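Note that the chains are named A, B and C in the order they appear, and that numbering of residues resets to 1 at the start of each chain.
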């Protein structure tokens, strides 16, 4: 039993109101209309049967209810109506409940049949409460049925308009930035005083020709040179010294690591 | 009441609510009226609602939003030939009531109250109508989706807040919104203070249509 | 005038006209109200129109048909303009400055002066602000649109004529043409795409395409 088939059948019977209990017309209580499609499951059928006892749901007789339900199912079977499993499961459970209720007290199991019966009653009350609430809800003044909104509202529209803000300073600053950013860039490499390797070679070799004595590297550097030129001269002169040594025109000596580097002409060389 | 000329703010509120296509909160109204003073807007709305009382149209509040609508007692004049309101199936009606009175509520909880499996289509119909929405997940194993009603639901059924649900207080007082087991325990405790020993294991008691998990995918031929 | 309770017919007419999707003639009204007496309907409509006079909405007759409408003096509430003040983006400021100093200029010329591509939205913003206008087309292949500043531009920036714009010499004197040092340049380059320097605007001047205009609309959903 699925309610899918029911979703709209209930409507068909509902007539003008949104909801009425199906097949529950007054005066039919003795011969219950046999139409299982009318119920939303066994609990719904039970609720309907319970209502027929015409007492408060808190005062229904569960035993009588069970009998009614089983009777109903029997008749449906006699008529060869196809019964959904839900209804049969409920019937079996109710039959079990009934037999436990009729058993002597001391043989009862846990949970007791009283508890089961009471809980069934509580469930029926809750379902009944929701059913009534649904009916009351549907009976309220509903938009489009009982109350109506304006047929042709003009509607509200908000147009956003932006007030742009800019001032003179921002303007000319902006222009200045464009100009500054796009001004053709001229890259100038500043002239720096250097001593090239060639001039160092010339200088060192000519100075070596003058004496046979050891001279420190520093002594080959131009005196009074400004510091940056001096650095460059030192580097170039050092390389020149190595070069002269490689050519066999000079010899180099150093007493210790990082010690003073000395240089002298190799005899017989450079005199010519 | 009527009789006095409306002031400028009242006129502006009246015109705005009249022209609006959707109900408006006081805040939205104040914003629309150029950041008007909220208490003043509230007062203007209240006076307008007073003014319209007893007329053919009325100014009502639903879920904190205000709108004009025709008076309910004139429904017979205005019902159109074509029915504007979707006719709900009985299943959908019940599910809606259960969501409204028990919210937030999971599908399993709805099914346990109804004692029958709920077709997915039933919930979908209510979602499509804009009356219920998914309100999150219950932090229990399986993290089932839970449902709650919407502002449109309140609007449609003319409820200012959920507290206005018909009979809500009575149902609550009678414990009819509590689960069966809780109600049973409460009953036992008051009736016979000692009898809780045979307390309830959950749902050992009735042939619930608990197969929802199985049937969920299986059944549900579209309608 | 107002002050008296409306009678049943007035209420019915009021509700019917409120809910109607079209203006209605007196005959249609009478027919709708179950063949009410036409003179009585006419009188009810007249009284209602009286009642609404001076309120935020009014009941008006247009070519023999009656309908409710927002009072004309409150029409501004229906089409509300919301002004927001926003600082011009740096890209737009630069474009504006270029137009001012070089007008009339085409977009290609602006781009060649700026050294970056200029989103169409940037030009649109300046047109919307009313500061630049299309001043014709350059008679070269492609006949590009050329832009010039407007009288509003002069007014907004407090200039008598364009000649009052500071010259390049003055800009230089003010340090505004100083070569930007490398660090600053780097800053500009990283800043620019996000438009950090320029207020909360989306458009930057890097090779963005023209969607800025669209995006501006797309955002800011009404409330």
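The definition used in the following text is that a residue touches a chain if its C-beta (ideal position, glycine included) is under 8 Å from a C-beta of that chain, and two chains touch if they have at least 3 such contacts.
Note that this is a predicted model, so its numbers are computed, not measured.
Indicate, using Cα centroids, the chain positioned nearest the centre of all protein chains shown.
It is chain A that sits nearest the middle.
What is the chain whose Cα centre is as far as it gets from that of subunit C?
Most distant chain from subunit C: B.
So, what's the distance in Å between the C-alpha centres of subunit B and subunit A?
Measuring from centre to centre gives 30 Å for this pair.
From the mean C-alpha coordinate of subunit B to that of subunit C, what's the distance rounded to whole Å?
40
How many Å are there between the centre of subunit A and the centre of subunit C, using C-alpha atoms for each centre?
Computed from C-alpha means, the inter-chain centre distance equals 36 Å.
Which positions in subunit C touch two or more other chains at once?
In subunit C, the residues touching two or more other chains are 15, 18-19, 68, 70, 77-78, 80, 223.
Which subunit A residues reach two or more other chains?
Each of 148-150, 154-156, 158 in subunit A touches at least two other chains.
Once bound in the complex, which stretches of subunit B touch subunit A?
Residues of subunit B touching subunit A: 16, 18-21, 32, 67-72, 75, 78-79, 83-85, 87-94, 96-98, 100-101, 113-119, 121-122, 155-159, 165-167, 171, 174, 176-177, 180-181, 183-184, 187, 198, 200-201, 204-207, 209, 215, 219-223.
Considering only the defined contacts, which subunit C positions touch subunit B in the complex?
2-6, 10-16, 18-19, 32-34, 51, 54-57, 68, 70-71, 74, 77-78, 80, 223
Mind pulling up the subunit A residues that touch subunit B in the complex?
1-8, 10-11, 14, 18-19, 22, 40-44, 86, 89-90, 92-93, 110-112, 115-116, 118-120, 122-123, 125-127, 129-138, 140-150, 153-156, 158
Which subunit A residues qualify as touching subunit C in the complex?
Its residues touching subunit C are 148-152, 154-168, 170-183.
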